[in-house]
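Heads up, the next two complexes both have chain A, just with different partners, chain B and then chain C.
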Partner chain A sequence: MAFMSWFGYTFIAFGPSLAIFTMTIADDATQIIIMFTSAFFWLVSLLFSSIIWQIPFSDLKLRLGISVALCVAIQELFRYLFYLLMKKADKGLLSITTSSTISQTRQRKHKIAYVAGFGFGVMSGAFSVVNLLATASGPGTVGIKGNSDLFFLSSAIFTSIFILLNIFWSVIIFDGFDKRNWKKIAYVFATHELTSLLTLVNVGHQPNYSASITTSCLVLLITTIVALYTAGGNIKSLITSLVKRQVVTQVR
Partner chain B sequence: METNNEKKWNSVMITVLYSRIDYVFGIWYKPKVCYLVIVINEVAHGQTVNKLVYRDITSFNYCVRYTNKNHSIGCTSKYWRNVGVLHLVESFSDMNKLATSKLDIDYVPLMTPKLFNLDNVNFLMSKRKIAGIIILGANDTASDDKEIPDGMYVDNSQYQSCKRIEWNPHGSGMLYKSFDFPIFRVYMEDDIQRLKQCYLKHNMPTSKGELIYPLCAVQMGDFMFTPSNTEVCMRRNIAGSLTSGGFCDPLGDSNVWSTLYPMNNPLKERELIIAAAQLDSISQFYNFAPGTDNDASGFITLLSAAYALGKAKNSNKLTKPKKPIMFAFFQGESWDYIGSSRMDWPANITLKNIGQFLELRQVGLEDEKSLWAHFDPSSGDKSRNDAFFAALVKAGTGAGVNISKASNDLPLPPASVQRFLRKDSGLSGLVLTDHKKNFTNAYYNSHYDSLNQVMDKLSSQGLRDPNSLSKHLTRLATTVARTLYMLASDSNPTPDLSKITADEDMTSELLHCFLQNASCTLFQQVVSNSNAKNLPSSAYPRMVGVSQSPNQVTNLTNHLMMYFTGNQLADVTKQSNCKSNTSDNSAYNYLWFQGQDFKNVCYRGTVYYSPAVSPAFLLKDYKSKNYSTWAESRWQSVDLKMFLVPNPSLQTHVSSDYIRRYYRLCCTCHMCGC
Partner chain C sequence: MTVLVVLLYKYRCYKIIHGWLLITSVLLLFFFNFIFFLNILEVYNVSLDWISAGLVMWNFGLIGLLAVHWKGPLMLQQIYLIIISALLALTFIKYLPDWTTWFVLGAISLWDLVAVLCPFGPLRILVETAQERNEPIFPSLIYSSTVAWIVNMATEDETETNDSQNNQSNSNTSRGNRNRRNIQIAAPEAEPENADDVDIEFSTSQPNRHSENRLRGINDDDSEEREATEDEEDDQSGVKLGLGDFIFYSILVGKAASNRDWNTTIACFVAILIGLCMTLLLLAIFKRALPALPISIAFGLIFNFATSGLIAPFSDSLQSNQVYI
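Up next is the complex of A and B:
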């Protein structure tokens, strides 16, 4: 049993999201409710996507391409539905909020979008990688039929990238919905399609992992910056937030 | 046994309770819905991930575990299957390389049949951790059986444990060894090449003698539930467990016996004449015991002889002889004489009634251009023995078979008659074989005892023509039939033996049906038309199996005997009428099958089953000195997968071993129910 590689792949895929969860989400009951609701919405979107498999295709590659494109569209539709739900549920959620840190602040809307995106991302990540991890527990590794042995590793990296992307996409698109900013909505839709279709180059016996991972990382970087500005931050405030704050108490 | 419904359910239960992680999560990728996850790189050309990692190898025979009163034999893997790196062993130098390898990993040697013998296996086991053995194909090698089961000589200081003669010098004794790893025999050329290629591609050392990961490895699943011996196993069977209905089952089936004419009158002492043969064979691999010379030559000759006598009887060429003739086919004889130790006689027969007992064992070959008659040196009446032998020789001369008497000071070779002589040394027991001293057949109780090797051996002996087996057995069948009739009519009046002749076409058809193709014409004739479709186009396995599941070889033998020695009831046209009337003599049995013209006919005859399960299991005496205590383990699944293993530095042996041990502990506790 390749237990060490199993742990390695698991932490590459879910390590960042685990940190995000424990540090920013776990302490607030409202946020956990939002997270699970959005994860559920992602599942429902997958359910609807499965209808695509009823369409007959002659070519597998074509089938995969069209399926992925449609699937992404359906997910974005459900993201919009979730946005509508959150808008309606906002007042109710506020009334049961226990934490005073986020309530009534102007960051609240972004925070809801952020948690919603996290729920989306974690659920999609779990779906895409759990069966891989089950197989990765051993005793064998990929390669008996000439497939690349980087398969598990690249899958884990992709999972991690997609979880992070989903968080930022939600932050951007929720703001876009609020302000009727079509550019932001189009940006999210386009990058989601792009990154998802990029994974198609990994199909087959000569996968191009380096190209697809590099591009995805680049998209992630840009999306992060867009999300940062959307949430009202800038590079300076980001650096400030990363540096340890010195609490100065003045004693007279 | 795998087809057993209960067992299937058990395996489901086990899988549910101890589901491996990939089995549980396996459900995630089975529905098509899940192909559509966003990151579709897990779906490469529609293959699931498991298929990227593992290649299943399906064409193999495997070795299972049997237990008796003291110990267990055969193979088992660990519950979580055995994993080992492949190493091709085609010569002694390969074996030495394996033995001196510096890597601390488990190996699975891929051995050629020539090198697969007990000495080499012991040598490898002493040097290396062996996770399993795969044998590539089958061309030649030796007999698996060394020990001769204790027959009548169990308490005889002169003959016990084969003191006087080692019957099977070719035997390695491998069959009676217990291995803690699986032994598989891969037989399809494609699979053999796949294994070899994988080894050559990934496991060849570099010029510096180092191995480069990933290495080609196999996983062998062959876990046997049975504990160390039959007594413990039966105790746990009763105790039961959460996960499996049982751990082992007694070996056994049914004997088939019949009489040429109905036996109505009470028998006189030493009157009954029995001709017997055994129906089963064994080898190291489950349900893969061709046993051509070992048992097939004997029981096919006996069937052919029954056909000759039945044909003569039904065409009214024979007068009913004074004494009764009985045919007996014993099952499970390879496992310490299960069938013959449990012969349930009808009420009017006791051992005292048996006069002559002619047994056919290993009669397919010849030794010094002759067959050999073995008598027990210390039993039987001298004059009756001599008359018995004289009748046999006379019949043999008439039919063209040379028969000689084996040395007087030799004990009987392994034979069913030993079980009868052990209880009553008064009867005349004659064992007809193709060996003067040691076995002529080098493949006794081994999977190499095939039709081809017997044919090859016959032609190399310069016997008549290459296709001489059926001719040889036909001549012998004529001899046996005539001997029986001569003995039964007590040479008064002198019978006209020329009317009894075995049919060569029938003998070759029997050989073809039992050894090559069970869906042959003859077998179609003796089963009902609904069953005829189910006959496989390969030979039925002739290992005895467990008593709960019926053995097709036994059933077919029963039907054939009915077909050969019974009468067709022309006036019965419905299956529901094919049974005994109240007015009828209840000694008859009735069978409904297709018959010669495939028209569905009713046959009536004196053919019977008798249970062949060792009395030890009836007496619940699992330490029995007198009876067979062999039981077959149950198992969940048997599989063989080939894949690449990553560098051990990515694997952490320690942690995985701990987890395996933990699971093993849980499963053992549950399964033992103790």
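Up next is the complex of A and C:
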């Protein structure tokens, strides 16, 4: 039973990102390097925010709130630093690219942003859920002391949401940096703070997940649409691209 | 140990070195493998009769020996080299006390720096001798990847200058290499038993086809065989990484994993990969044999301790309170 639920939680949390990785990133060495570099940047940002966590506060919620708010700011700062790095490394990356996918210039910037966001997201997802999953596989019963028995399920759902959100945030904010579009930067920063701080609702003995999950999903939906338009698409082109791919697979 | 191998290599005692390598890999692939195989069976409480266990071990080990020391598909060779490194790393993790391991990791990366970069460093002498003689370094000591693009980047502009050095010896064998030149990261030696030397180096050299043939199979005189070897050699161009590096990377990650904290393991893994990327970047800049351990191990050690000390309490409380950042 524990193993089966472990399987379920793992694939709720990492299923979408696994699909994204195998379909769009895995076949290009350059993209994998970008992904790991951005994951590393996220790690460094977490290191800095964990230093803030060392400041002791008496109230747990206050301590969590302050460190989460600062952590989000630090993460966005590192996203900006990563953007600067990518801008510098752009030429070098172009010269070593062998696959044609990333060098098709018009979409290349968005693609780099997308891969960078994926690295950020997967790393944060891994850090927020892997240890829980390791516990979930072992012996024990969830919620036996009156805690919510949805603990693992909601954790997995949140992880999945945050991985996707990170991808779209990166796409939007990289474009914002490029065009000095302050609205987009502010949007990303604000929604990131919003969703992260909203998860503070989960703190406590019997949290009500419906509020935080619904708002996160709503933010995810809006962010997805903004990212879609940022990358130069619209709903029509999205549908046609899906339909086209179907035709291609049928022909093959 | 490193010095001994270099001396042997310098005075062309190939047989002794080959025998040595053969013995160590036999030990690893059969003896150590057997120990760990038994351990696994014990842990999962599986019963297996001696005959089938012997059969499995024999086949596994023999294919490994053939792939590593004679010839086999590149993929198989890579798999076995990784298995050998992993086995050795496991042995270290299991039998060395904590602090010894950390100290060895630090010391080894410093030694690596000295051995590869100092003018009289043993590994440097070894790589240079190998280049002079136009021979590849023993296949059982290096892991070669088929990654060609980094090579392209490193070499596009400097091909001319580098070529002039090797021109005489290589002018008629350059067909196999086309326009690109190989950057080898060779780790000439990783001796299982005595880990006092680790080595990784990047050298810009073109392995000579004929000597390759000589090393690989002495009797391949007919042209078909030669064709095949050429193809294989093409596969072998690219970045080469010493087995020693693999061993010490795995020791670090394994040590991190033994904390029973997945975050530490992931952090270490990413840090080592980034260190490797930076080494490759430096390789592209300096275009010579470089030690692959120092940067990676330094990053790995920093993130291992930082994660278990600083990040873990933070991320644990975030996890248990279901706060997401």
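We take it that the second predicted complex is superposed on the first by the 241 of 252 C-alpha atoms of A that agree within 3 Å, B and C clash if a C-alpha of one lies under 4 Å from a C-alpha of the other, contacts with A are read in each partner's own complex, and residues count from 1 in each chain.
Here is the rule we use: contacts are C-beta pairs under 8 Å (C-beta built on N, C-alpha and C of every residue); 3 or more make two chains touch, one makes a residue touch a chain.
Model, not experiment: these values are computed from the prediction.
When the shared chain is aligned, no partner comes close enough to touch A:T215: not chain B, not chain C. Once the two complexes are laid over each other on the shared chain, residue contacts for A:N181 go to neither chain B nor chain C. Applying the stated contact rule after C-alpha superposition, one finds that A:T224 touches neither chain B nor chain C. Contacts of A:M123 after superposition: chain C is touched, whereas chain B is not reached.
Contact with chain B, but none with chain C, is seen for A:K145 once the two complexes are overlaid on the shared chain.
Within the superposed three-chain model, A:I33 lies in touch with chain C and out of touch with chain B [touch as defined at top].
When the shared chain is aligned, chain B and chain C each come close enough to touch A:S50.
In the superposed model, A:M4 makes contact with chain B only, not with chain C. Contacts of A:F158 after superposition on the shared chain: both chain B and chain C are touched. Residues 46-47, 49-50, 53, 60, 64, 67-68, 71-72, 75, 124, 127-132, 134, 151, 154-155, 158-159, 162, 196, 199-200, 202-203, 207 of chain A lie at the contact with chain B in one complex and at the contact with chain C in the other. The residues of chain A lying in touch with chain C in their complex are 29-30, 33, 36-37, 39-40, 43, 46-47, 49-51, 53-54, 60, 64, 67-68, 71-72, 75, 92, 95-98, 123-124, 126-132, 134, 151, 154-155, 158-159, 162, 195-196, 199-200, 202-203, 207. Chain C contributes residues 147-150, 152-153, 156, 261-263, 266-267, 270-271, 273-274, 277, 303, 306-307, 310-311, 313-319, 321-325 to its touches with chain A in the complex. Those residues of chain B that touch chain A in the complex are listed here as 21-22, 24-26, 28-29, 32-46, 48-55, 83, 198, 214, 216-217, 219, 641-646, 649-652, 655-656, 659-660.
On the side of chain A, the complex with chain B involves touching residues 1-5, 8, 46-47, 49-50, 52-53, 60, 64, 67-68, 71-72, 75, 124, 127-135, 137-145, 147, 149, 151, 154-155, 158-159, 162, 196, 199-200, 202-204, 207.
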